[in-house]
Structure formats: structure tokens, C-alpha cells
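I have placed the structure first, in the form of C-alpha cells, so that the comments after it can refer back to it.
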Amino acid sequence: MKLKNKTKNKSSHLKKTGMAPGQFLFTGERKVDNTKIQLINYDKENIEEIQFKNIATALKKIEKSEKTSWLNIIGLHDTQVIRSIVEHFNFHNLSGEDILSVGQRTKLDDYDHYIHIVSKMFKEHNKDIEEEQVTIIFTQNVLITFQEKEGDVFNNVRERLKEGKGQIRSRKSDYLAYALLDSIVDHYFLAIEHFGNYIEELEEEVLINPSESLLPTLHEMRREAAYIRRSIFPMRETVNRFEKLEIDYMNIETKIFIRDLYDHTLQVIETVTVFKDAVNGLLDLYMSSVSNRMNNVMKVLTIVSTIFIPLTFIAGIYGMNFTNMHELEYKYGYLITMISMGVLTLLMIIYFKRKKWL
Amino acid sequence: MKLKNKTKNKSSHLKKTGMAPGQFLFTGERKVDNTKIQLINYDKENIEEIQFKNIATALKKIEKSEKTSWLNIIGLHDTQVIRSIVEHFNFHNLSGEDILSVGQRTKLDDYDHYIHIVSKMFKEHNKDIEEEQVTIIFTQNVLITFQEKEGDVFNNVRERLKEGKGQIRSRKSDYLAYALLDSIVDHYFLAIEHFGNYIEELEEEVLINPSESLLPTLHEMRREAAYIRRSIFPMRETVNRFEKLEIDYMNIETKIFIRDLYDHTLQVIETVTVFKDAVNGLLDLYMSSVSNRMNNVMKVLTIVSTIFIPLTFIAGIYGMNFTNMHELEYKYGYLITMISMGVLTLLMIIYFKRKKWL
Amino acid sequence: MKLKNKTKNKSSHLKKTGMAPGQFLFTGERKVDNTKIQLINYDKENIEEIQFKNIATALKKIEKSEKTSWLNIIGLHDTQVIRSIVEHFNFHNLSGEDILSVGQRTKLDDYDHYIHIVSKMFKEHNKDIEEEQVTIIFTQNVLITFQEKEGDVFNNVRERLKEGKGQIRSRKSDYLAYALLDSIVDHYFLAIEHFGNYIEELEEEVLINPSESLLPTLHEMRREAAYIRRSIFPMRETVNRFEKLEIDYMNIETKIFIRDLYDHTLQVIETVTVFKDAVNGLLDLYMSSVSNRMNNVMKVLTIVSTIFIPLTFIAGIYGMNFTNMHELEYKYGYLITMISMGVLTLLMIIYFKRKKWL
Amino acid sequence: MKLKNKTKNKSSHLKKTGMAPGQFLFTGERKVDNTKIQLINYDKENIEEIQFKNIATALKKIEKSEKTSWLNIIGLHDTQVIRSIVEHFNFHNLSGEDILSVGQRTKLDDYDHYIHIVSKMFKEHNKDIEEEQVTIIFTQNVLITFQEKEGDVFNNVRERLKEGKGQIRSRKSDYLAYALLDSIVDHYFLAIEHFGNYIEELEEEVLINPSESLLPTLHEMRREAAYIRRSIFPMRETVNRFEKLEIDYMNIETKIFIRDLYDHTLQVIETVTVFKDAVNGLLDLYMSSVSNRMNNVMKVLTIVSTIFIPLTFIAGIYGMNFTNMHELEYKYGYLITMISMGVLTLLMIIYFKRKKWL
Amino acid sequence: MKLKNKTKNKSSHLKKTGMAPGQFLFTGERKVDNTKIQLINYDKENIEEIQFKNIATALKKIEKSEKTSWLNIIGLHDTQVIRSIVEHFNFHNLSGEDILSVGQRTKLDDYDHYIHIVSKMFKEHNKDIEEEQVTIIFTQNVLITFQEKEGDVFNNVRERLKEGKGQIRSRKSDYLAYALLDSIVDHYFLAIEHFGNYIEELEEEVLINPSESLLPTLHEMRREAAYIRRSIFPMRETVNRFEKLEIDYMNIETKIFIRDLYDHTLQVIETVTVFKDAVNGLLDLYMSSVSNRMNNVMKVLTIVSTIFIPLTFIAGIYGMNFTNMHELEYKYGYLITMISMGVLTLLMIIYFKRKKWL
């Protein structure tokens, strides 16, 4: 598993250092050719989905509609689009800045006439997990999402909207905001599951063959786990503030669902904490395994040395050139020596057996 | 000891990813053939126990009764049964979803007209500890429990009901909820005791014979301890919220019992924390033992090498073929050499004794 | 030092699993032959001490007395005695259960008309520290203590009562409760002091001679320290709740003393935490010492091998049987070889000196 | 990367030990020749920047002006300048003392008629990161900054003031204080980025070549990370108190910006915490790498010894001088011996291959 | 550096075990021959300093004076002096007990009509740091300090009083209490600085020469750091309670100074925490250094063994006495063998160079 987008975001703050707050500067990388503008208008009876090329037309459409509007913006490099939206809805400049600053902490800001949520989205892409920042802003009737590139975790929400399943169509943007966050949190489980499976694979390998090449992998995983945990952790406070919001366009019924979402968030954080501990456990296990192997190497060395060094010494004795060594001329001298050596070897082996080295 | 059910639950959340909230989908595995429906109706004077095949009949029976009803549902695969109950009592859809989602965090949700408690139950099965999710929902007169499969930890509560021992029969569903939770927490002690005994066994083995094969066992135990702790930990908050509940059908007397239950929960959490530390201590002990053994191996190697390498060198000297080595022809040359070697060996042994290597 | 009673209590909870709450079942072991019933009645002017065989007579005596009564029950196996007291004073059944369940967490429960305190008592017995659960229940004029066996830490309180020293005689049961808890906490210092001395002894041994046999001792001490800390820790909250109690029969003056007791409790917890850290420090020290010793062993091996292996090689060279080795016939060949070997050895020794291995 | 100024500040408190509080003593080192006095007066329409040699003239200028004044003092050795300012604005003596005491904790003090903020500034200087204490004091219309030496992180604020970009010119000193703190926090990211890059470089080196010389570097980095974290950490509370300030000259709009600054501060603290963990991870990795290398060294030793010691023994056998060794005279004795040795070597190599040592 | 007084205090609590609370028993050691009684009376205009032999005369003098009185008692062995003071000012008996119990936790007790502060004082004595308990009790006009022996950290306060510098003379005992605590905290920096320097010295030694003798030193330092931290830590709460005191004789102006003192206390605690971490870091560094050295020892052993063992084997081969070894009679047999050995050695050296062992 590999997390993408990670290192890039880290330096996103640098670009902005020394700028006035509320400036519109995109701190990420351009990831789509053209900014896509998708609008879904729905109420209990009807739903329509339209693609726009021009943001002005989209905004006009929203203004005229009396339904709930979900405006989805894909691609943030064209700051003019963002500026139009911010100005049209009279959002605070800091909101505009936050939309364009990828690498934000997950958070919820309450600007009285609208709610601004920043969140990390983990989605599967090929076999990797991709991380992407998504901003959700909603007022009573309008919800706008901003994404860096195509592909998101909201397809199930779109389907539910289209098919009119559940209560989603009969509710307003507050419920939609919940549904989107719920989907984001659900996909955290996916990313974590991925990670968990990888841990299990490694575990076996660490026990059976703790090779040197595992060390950087384990080290990398530790950082990854810490990174994921840090990304997900502020979601707890964010959802909590979402539940506690005191705004008149927030349905009391939605709060029950948010509370449920809060439970899920707790669970996902707990799970990722468990995995973080598991990775640390793996590193310990690796070190223990390495230590055990070293022990085995030492034992082999010691057994071989302890058996042969004394034998070699005996052989050395009878290799001396003293003129006066009568043993050398004894008829069975050689034989006796060899037998003694054999006996010595046997005694050693018994000793090692007893010590459980063999 | 081995905990069952564990790995399965982990992935239970995945099945549901992307679904609308409040959907009725069973995320576990089917563990019984038919959903069993058990009803116990009781008041101070009478008690009756009935098995139903059909949920509708059971619900009708409950409606007509003026006694306190305990409805026990075993087997969650038949979502229709759950749906009937949820609709009959006008429970929230999220409650329905939670009943069917095994792998939930222990929690208490207060839905004004009823209380929803999710909890983990540890029960002995053969020699293993099985974990199972149990949901307890209660209103003023009705308490419903949902279990995944047969066999639970509530037999003592059933007996007390039947025999009319204690106050249980003269109280309502709030007390019954307490009694069930109390029984669940009591059985945590059982599971922990099991675990504690296993730790003690291992401790001895680690000290006497820290073999390599212990490492995976200890590692597994660490994970197990962390898992149990994580399962039990949220019970504390749950019981605390139970005590703090402000509902009119909660008897003031019951609160005293819940406070007592809270003390037990604290104690069980403390104990499991102690065991978690004990397992970590065991791993340290193992590493120390391994290190000590390595040290011993090194000592043997060093003693043998240090004694025989110099001796072999001396033998090597007199094995040289120089023509001019007069010592070789001395009458006592060989004898003196051998005696010198003996003395050298003795000195070495004294040295090692002093160093406490022998 | 060894803590007694420990392992037994651990399983005390098991006995009770599955029983109705408020049942009178003694979970410990019978430690005295007969339950002893001691009564001390005192007021500012008089004090009388009476032993009873029968609990009913004692209770009648208390009822008639207008003095403050301290009833001390030794031995809990006779549950009938406990039941009589509980019923006579109209205590809650859970109180009865708690008195008989040894292995409780230290706690204070406020049952409006009386206060129930559970506490651990550490007392010296021979050279060991014995732990015992003591229950203190007090109303305005009556204080009852329940102990498992004879011997307690309250002798000084008894003496002060008899001699009328200090304010104890002119105060009521709230002050007596304080005095008893104060005595219990004071004796914690004793146990801890014991433990501290033992640590100091071991410290020296670890530094001078980190033998293998120390490992289990240190491991045991770590568990012991954790156990003591866990026993004492809840005392803090208990004393805090004692100070915060809002009951009309609690003298305002007593609160000042309880605050002082609270300071002592903090100090005892701090000290035991320090000792816990000290034991962990000892284990680290042990590991470091073992590692240092290994290092020394390695050095000896390396020095001996590094000096003699090359020398042996040289000797081996001149032990070869080539016909064409003219050095062998040189007049000073042998001498030169020996001198070269000496020089080589010297160089090695200088090298080792520089490396600070010698 | 190296942090300057660090060690010096540590002892800054010593100089003052034993002095009356509120004394004007500069605890740092003189870093500029002359105290520089810079004044920027601005309102929505105009801005003027003036350098003064004399503090009295500057203060008169401020008094006469109705614009917002930013007075910047560079160099703290001339305590007379500080005293003049403190007295002119009627600041508390403790403020004066704090301005001159470099090595303070970051903090915000609310003296009713003015706000006193102490902060650490990290700025790049050559390739190092320099730390400097900066004091920000502001009343409704006047903001004064005190720096130890020239060069700061406020150039972007100055430019925005001059160019009238953003809202800065139309706001008062409260917003200016925010803008300065915002710039300080932004530059923390710079310092941390620096640090992060250095960690990444080291990481590679640790994995590829864990040489001994890395140990002091890693140790130094650990201290550095702890130091940076400690410097930045109190900024969180400071910004929080800034947001919570209840003063009438604080614009409600400014609070929204401060909340945004608070989010940035959280993020910078999180990042530095991550780096602290990363350095600890590096040290672990280093130890593991060293351990792995030791293991490899051991393997080589063991392989060589295990192969050649038995062979040498065999050679030793046939080097013995027994008269009765018939093998020596066999025609193929030598050949067979050599072949046997070859076979033995082969078997050993196969054994090592199996053990994965080769 | 060495901390004195430490071990003694530890057992101070034991002496008192089992005594009634509020008893006057000195738990320390007599450190002065005679109790010294120093009185300083001062107001804005005048100051007088008097030594008394008799406490009664001193108390009379205080009673008659309308100035602020600072009574300093040196030496606690004469409990009669303490008792006189306690009774004269109507202090609580627990105050008397606390004055005499050295080894108390730093704390502030508010007895309505007076404030009782217990604190640890670190002062330099010769080259060591001495710890001493000092009690500060103050009412509106009187402040009394109790010390165990001569020499304290208050000289600068005395000088300020005498010279009338700062505001000290124009304020009352609340400010004096602040000034004394401030001086105590200032001297903590001194002790910590001492400690910090010692750490730096050791750091170098650990890196250059991690000898075995350092281990007990480092271990001792760890305990010392933990001890100092524990002594200083409760000062934070104490100063905080001092600031929060709601007593009518506490000047509002003094509170600003106490807040400043609180900042210093935070800083001193932070610094000592940093040093505690630094000592732990040193221990890690030591272990790593030892491990590195072991590695080096292993490398030398391995290099020497790996080069010479095979060479010795070759020499052994040609030392065999087979009759049929034609190489032995070759003209250049010896030469070729020697050259081969040289080549083999070279190859080995190249191998080691590659492995970076040389």
C-alpha cells in the first residue's frame, strides 16, 4: 500500500508564507485540464443533473432553483472559478483561501450564514490509497464541494439521490453534508482495512524470515500509520462540532444521524490507533526475531569452536617436535589419541544437549 | 486461550461502505438455522416463558400483556424479524442498522422513548472465550435483546426471574437492563481470569526456557490483551451514561445498583490494564532472558577460546621446523612445556572465577 | 518483601459471577475461628470497651447508648452477623454485599443516611507486608469497621481514644472515620518505605553483580510496585469525596483534617509512583549492566584471539614441511621469529591500550 | 540545520536571580550598535515611515498622530529607550522587565489598557535558522514591537501596509498584531520544513550506512526537535487567549482571522510533533540498523570459523608426529584428505544456504 | 552535583506514623545549636532588624508594632518555640504539625485568617545543591518563615527591604510572601542550571568514552532529575492557588506579580522536564555508544579471525606429514604458498573495505 499526495501537501504551506490572509492562491498541483462544474438539483419529487462549462451560468441556475442544489467543483487551479463562487455567495475571503490551500487540517468553521468543512478523503486508486482534500460548504439550500481531481467517494450518495432511496431526497443540504461526511468516514475503513491486511502479511514474514530488507518497510509503515492517524484524528472534533451546531437550517433529525456518524468516527480512530500499536509491535517483534537469530548464529559458532578448538590443541601437542615425546612412539598412541578426541567430542555434545543448544 | 469472532468483525464495516444509513443489512455471518424468539413475561406474582416461531404473534402477546416483557431474539440473519420489531415499537432506523451491524463499539444511545445499548459479551465455549455482540433495547415495560447465536451469559438472570429471588421480579425493565449488563460485566472477569492464568503459565516458561517459539505466542497475547481492553473500555462510559439517564421510567433505586455496576466496570478495566502491562512485562522479560542466554553462550565461547588459543599457539611454536630450537632436545623440554600449559590453564581458570564467569 | 493476600483476592470476583446483586456471600477465605465483636463507646468524659459474643446484644447496647459507638467486627465468614448489622441499621443490601466481597476497589459511597468506605490496609506481619480489606461505615453516632482477620493499624487510634489525647474524644464518628483513614494512609508509608529499602539494596547488587538470578526478582518487584500503586491510587478520589461530602453530621472542623489527609494521600501516591519508576529504572540498569558485561566478555575474547591467532599463524608457517624454506636453517631464524612475535604482541597491546580495551 | 541563540537564552534567567521584580535589566547580549527606532503611521488613505534617533521625538510624533502607529524598536541593550516607552504609555514595570528578559516563554498578558505578547521568531539566516524573541505590545492605536537585532519576518506585513493590499490599512492595531503573529507562525513552517528535509536526508543515510558518526547528529536532532516543539507549543495557548480577549478595541472581524491563525498554529504544532516522533523513529531505525550490521558481522565470523576450524583440525591431525600413522604413507592419503575437506566445506556451505546466512 | 537532605526526608513520615494529627513532633534532624529568632519590622519610612533569644519577647514586639513584621525562625528542633507562635497567632494545630514535618509536599493552605505555604528551597552550599523545607505563614501584617538551618535564598529580599529599593517597603506581607516565593523560584533556576551544565559535561564523555563507570552516574542523575522535578512540580499549583486567593488583605497589584511568578514557575518546570528528557536521552545515547563499541570490537575480532583462520588452515595443510605431498618438494612451493596467502589477505582486505569495516 502506498499513500499518494502526501509529501506534496507537506510543503503547501510554504508557498503561501508571507502572503496576506484571504488571498486566492492555489497551493497544490494542477491535476485536471479543465475545471469541471457539476450541479445536482433535487427535491422530494424531482432531480436533475447538469454539467456546466461556465460558473456564472451554474450560479444563475442555482439562484433560480427552489430545490436543494449540490454544486461539485473538480479542479482548483482556476482560482477565478473559486473567486466567483465565494463572491456570489458572499463567503468570507478566508474560506476562499482555505478551499485553495490543500494540506489543511480537517476542521469545521461556522460562519453564521454558512458552514465550511475541510476534510481528507481516502479513496482507492489502482492498488494504492489516494488522499485528497475535499471542502464542503453549505447554506440552507446549497451545498458546494471542492475537489482537487476527478474520482471521489460520493458515488453512492449520487445513486441514492437519483434512485430516491432513503430519506436523502426529502431532506435539505444539512443532511446532504452529513451523507457526504458519512461516506468519507466509511471510506476511511476501507483504507484502514487495506493497511490492516498489509500488517498481517508482514507479521508472518517477520516471524518466519526477519530479513534486513523488512526494516525500511516497517519503518515506512510506522510513518504511514502515524500519518493516517493524524489525518483522521481531527475528524472527531469536526463531527462533534457538526453535531453541536446551533443553526436554524439544521434539522433535529439530522443530528441523530450525525451522532451515529460520530460513533463511526470514534471507531475508525480506535481502529487506526490499534494499527499504529500493531506496527510498533511488529517493529518490536522484528527486533526480537533478529536478536533470536543472532543468538542462533552465536550458538553455532560457539558449538563449533568449543568442540574443535580443544581438539586442534591436542593435535597441536602431538605435532610438536620435542625429541623426548614417548607417546609418539607408542604402538596405540595414535589410536588412543583419536579415541580420546572422540570421547571429548561426545562429552561436549552431551553438554550442549543439556544446555538445550542443540 | 483464543478469542473467536474477532477477525470477522473487523471487516464487518466494509460490507456496508457506501450504503444509505438506516439500511437493514446484517454484516455478520449466519450462525443459527432459524431465528429463535423467546419471550418472558413477568410481574411480582407471575412469570411465563414462551417460544414463538412468528414474530408477529410475539409482538401481539407483548402488546396485550401488562407485565414486564423480555423478548430475546437469537439469530440476526433474518432481517425481516428485526424490521418487524423496529417498526412495531417505532424504533429509529439507525437502531435497526445498529442491531444488524456486528462489530459495533459498546455504547448507549438515548432515543427519548427508548434506550439502545450495544455491548460485547464474553462467554466461555469449550476452552475458548467467545465474543458476541448483544443489543439491549428497553422501554418502560419491554426489554428486547438481540444475539447472534445461541448461548449467552444471562442464565443466572433467567433463574432469578423464575425463582423470584431478589428484587428482580418486583422491578421493571430498567432493572432488568441493569441485571443483564451486570451479568455481562461479571463474565468479563471470567474472560480476564482465563487470560491471567495463561499469563502466569507463560511467565514461568519465559524464565526457565525462553525458547524462540514463545515469541509469536507473546506477540499474539499482546494483541489479544489490547483487543480485550479495547472491547471493554467503552463499557465504562456506557454504564456512566446509563446512571446519568434522565428518563421517567428509570427507578431511583436502580441507579444505586448501576453505580455499583460502574465500580465493577472500573475494576474490570483496571484489571485488564494490569494484564496488558503484564504482557508487556513478559515480553521485556523474554528479551532479557534471551539476552542473558546469549551472554552465557558468549561466556562459554570466550572461556574455551581464551584457554585453548594460547595453548595451541605454544604447541604451534614447538611444531616449527627450525633447526636451531634447542628446547626441543632438552630432556625435560616436553614435560616443562606441558606443565607450563597446565599452569597457564590454571591461571586462566582463576581469572575466570574472579570475573564470576565460572 | 512479599505482599500476601494478593493472588487470592484476584479470583474473589469469580465466586460471585452470576449471582443476584445484594447477595450476602463471603468471597474471601475464613481467617479467624470466631467472629469477634468489639465495641468502644466514648464521649468527652467517658469511654468503655466491651467484647461481645452475640451481635444482637452489641446492637442493643449501641441503641441504648448516647455516646459515639465504634463497633469493630473481625472475621467475615459468618454472614449472619453481617446481615444482622445491615438490617439493624437499615443499610442497603449492596453495602452488605460489598462488606463481604474482599478484593474491592477502594471507594466511598454516600447512601444518604450513612457513608460506606472500602479501603485497603497494609500492615506489617513478621517481615512481610500483609494487605487486608477494611470496610468503614459510619452514621452520625455509630462507626462500624469490618476486617477479615485480627491485627490492624488502628491501635494508635484506640490509644488516643483511651487516653483522651487530642480532640478525638470530643468529636463524633466523622472524626473517627477520618482518624482511621489517616492511620491507614500513614501505614501506606510504612509499606512503601519497606519497598524503598528493598529497591536500594537491589540497586547496589545490580551495579556490582548483575547475575541472572536477579531478573525474576526485578520482574516480581515491578509487578509488586504496580500492584501497590493500583491499590493506593483510588484512595485519592476516596479522600477527595470524603472532603466534599455534604452531610449534616459532618463537622466543618473535620474537613480541615481531611484536607490534610488528602495532602498525605497525594504524597504517598507520588512516592509510590517514584518507586514504580525506580523499579523500571532498575530493570534498565540491569539490562545495561548485562550489556556492559557482555561487552567485557567480548573484549577479552577479541584481545586473546587477536593476539594469538596471528602468532599461531606464524608458528604454522614455520611448521610447514616445505623442503625449500631457508629461514628454517638460519642460525638466528628461531630467535628472530620469536622476537618478531614479541614485537607483534607489543604492537597489539599498544593498539588495545589506545582503543581503551585494556 | 542549526538553531542559534539557543544556549545563550538558557542562562538568561540566571543574570536576574535575586533582583527585585520589575527591574530593567537586559539579560541578552548586545547585538546591534545602536538602537533603531522605526515608526510607521498609517490609516486607510495615507502611510508614512520615519526613522528616529531619539525615542522622545518618536513618542511625540505618535501622540500627535491620529493614525495607527507601529513603532519598531531594534536592539534592547539601551534600557533607557525601553524605560521611556514604558513610562510614556504607562505600561507596568513587569512589562518592561519582560521586554528585556530574552528567553521568556511565549505568552499573552492582558493589562487592561494594553496587551503584551511575547513570542519566539524563527527566521532564516544564511543556511541556519535563527531564533529571536520578539515582544508585541498594543493598545487601541499604537503597536510596539521589540526585537533583539535587525532582520525579522515582518517584511511582507510592511509591504502589504505600503501597497495597501488586503484590509490591513483599513484596520487598527489589533489586526496589525494578528498580521505580525500570523507572519511569525508562517515562518515556523519554514523552520520546520528545513528540519523535515534534514530528517529525510538522514533517513536514507541511516538505512544505507548507519555509521557511528550519525549517533551524535541524531542525538542533537532529538534535542533540537524537543527544543523547537517547546518553543512553539505555548503559541497555541497564546493565540487562544488572543481570540478570547474581551477588550473593546478588538474588532469582531479580527477574531475570525485569529481563529484561522489558531488553526495554523495547531497544524504547526502537529507537524513539529510528527517530526519529533520521526527523529525518535530515526534513532530506533539507527539502532536496528546497527543491530542488523552486527548480525552480519557475526555471520561472516561464524561462517569463516565454522568452515575453517574443523578443516584446520583435520590438518592438525595429520601434522601429528606419531610414528604409527599409516594413513600418512598411503598413496592417496593426501588426495583423499583434501577431497574430504572439500566435501566438508561444500556441506557447510549448503547448511549455511539453508539457514539463509549466505 | 549532589543533592543533600534527600534520603533523610524520605523517612520523615515514618517517625510520625500512628500519632494523632496536629501533634508537635519535629521529624527532621537538629541542624543548628540554638533556634534563631530574627525580626524585621518595616513600613514605607522605617525598617528595624532585631535578633531575639526569647520567642515571647519577639511576639510582644510584633504585637506592639504597627509596621509589617517578618519573623524568621531558624531551627525547628525546639518545638516549644513553634508551639508559642502557633498559640499566639491562633494557628491551627495542623499548621504546627506541618511546620515541623520536613519532607512535606509544596502546598498552600488557606486557613481563612492566615495563609500557610510549604515550599522547597534549593540553595547552593559549597559545590552542592542543598534542599531545605521552608514554611511561610502570613496574615495581614505579619509574615513568619520557618527554616531548618542557617543560610537561605532570601538575602536579596532583605537587601531590597533595607535599601528600600522597588515597592517592597510600601507593601504589606502579601507582597513579601510573593517576594520570598519569587526568590525561591529564581533559585530553582540556579539548581537547574547546575544540573544542565553537568548534563552537558556528561554528554561529551558519553559520546567519546562511554566507560562502564558512567552507568551508575547516569542512573543516579535520572533519579536526581526525577526528584528535582517532583519537588518543583507542585509549586505550580501552589502559585496558582496563591494567585486565586480571595482574601481581603491581598492587594490587587500583588496579583499581577504573582501571575508573573506563575509564568516563571511554568518555565522552571518546563526546563526541568527538558533536563529529565535529556538525562533519558543520555542513557539511550550511552546504550547506543556501548552498542557501537561492541560492534567495533566484533569487527576487529571478525577481521582478524577471517584473515588468519584460513591462512592458518593453509599452513596447517603443508604442515601435514603425508609422504606423498609433492608440492612440498617443488622449488617454488614455499614461495607460491606465501604469495597465495598474500593475495588471499589482499582480497579479504578489499572485501572488508567494501563492507566499510575498515
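A, B, C, D and E label the chains in the order they appear, each numbered from 1.
Criterion: a contact is a pair of C-beta atoms (placed from the backbone, for glycine too) under 8 Å apart; a residue touches a chain by one contact, two chains touch by 3 or more.
All values derive from a computational prediction rather than experimental measurement.
Novice: Treat chain D as absent and tell me which of the other chains still form joined groups.
Specialist: Contact components excluding chain D, positions unchanged: one piece.
Novice: What are the chains that chain C and chain D both touch?
Specialist: E
Novice: On C-alpha atoms only, rotate chain B onto chain C and read off the angle in steps of 5 degrees.
Specialist: Between chain B and chain C, the superposition angle is 70 degrees.
Novice: What is the distance in Å between the mean C-alpha positions of chain B and chain E?
Specialist: Once rounded, the distance between the two centres reads 43 Å.
Novice: State, to the nearest whole Å, the distance from the C-alpha centre of chain A to the C-alpha centre of chain D.
Specialist: Taking the average C-alpha coordinate of chain A and of chain D, the gap between them is 27 Å.
Novice: List, in ascending order, every residue of chain E touching at least 2 other chains.
Specialist: As it turns out, chain E has residues touching two or more other chains at 291, 294, 296, 298, 301, 305, 309, 312, 316, 319-321, 325.
Novice: Examine which chains touch each other and state the graph shape they make (line, ring, star, complete, other).
Specialist: Here the contact pattern is a ring, one closed loop where every chain has two partners.
Novice: Could you give me the chain order round the ring, chain C to chain E and onward?
Specialist: Traversing the ring with chain C first and chain E second gives C, E, D, A, B.
Novice: Would you pull the chain A residues touching chain D in the complex into a rising list?
Specialist: Interface residues on chain A, with respect to chain D: 10-11, 13-14, 16-23, 92, 94, 98, 104-105, 107, 109, 111, 209, 211-212, 215-216, 219, 222-223, 226-227, 230, 283, 286-287, 290-291, 293-294, 297-298, 300-301, 304-305, 308-309, 311-312, 315-316, 318-321, 325, 327-335, 337-338.
Novice: Give every residue of chain C touching chain E within the complex, in rising order.
Specialist: Within the complex, chain C contacts chain E at residues 153, 155-156, 160, 165-168, 179, 182-183, 186-187, 189-190, 193, 196, 207, 256-257, 259-260, 263-264, 266-267, 270-271, 274, 277-278, 281, 284-285, 288-289, 291-292, 294-296, 298-299, 301-302, 305-306, 309-310, 312-313, 316-317, 319-325, 355-357.
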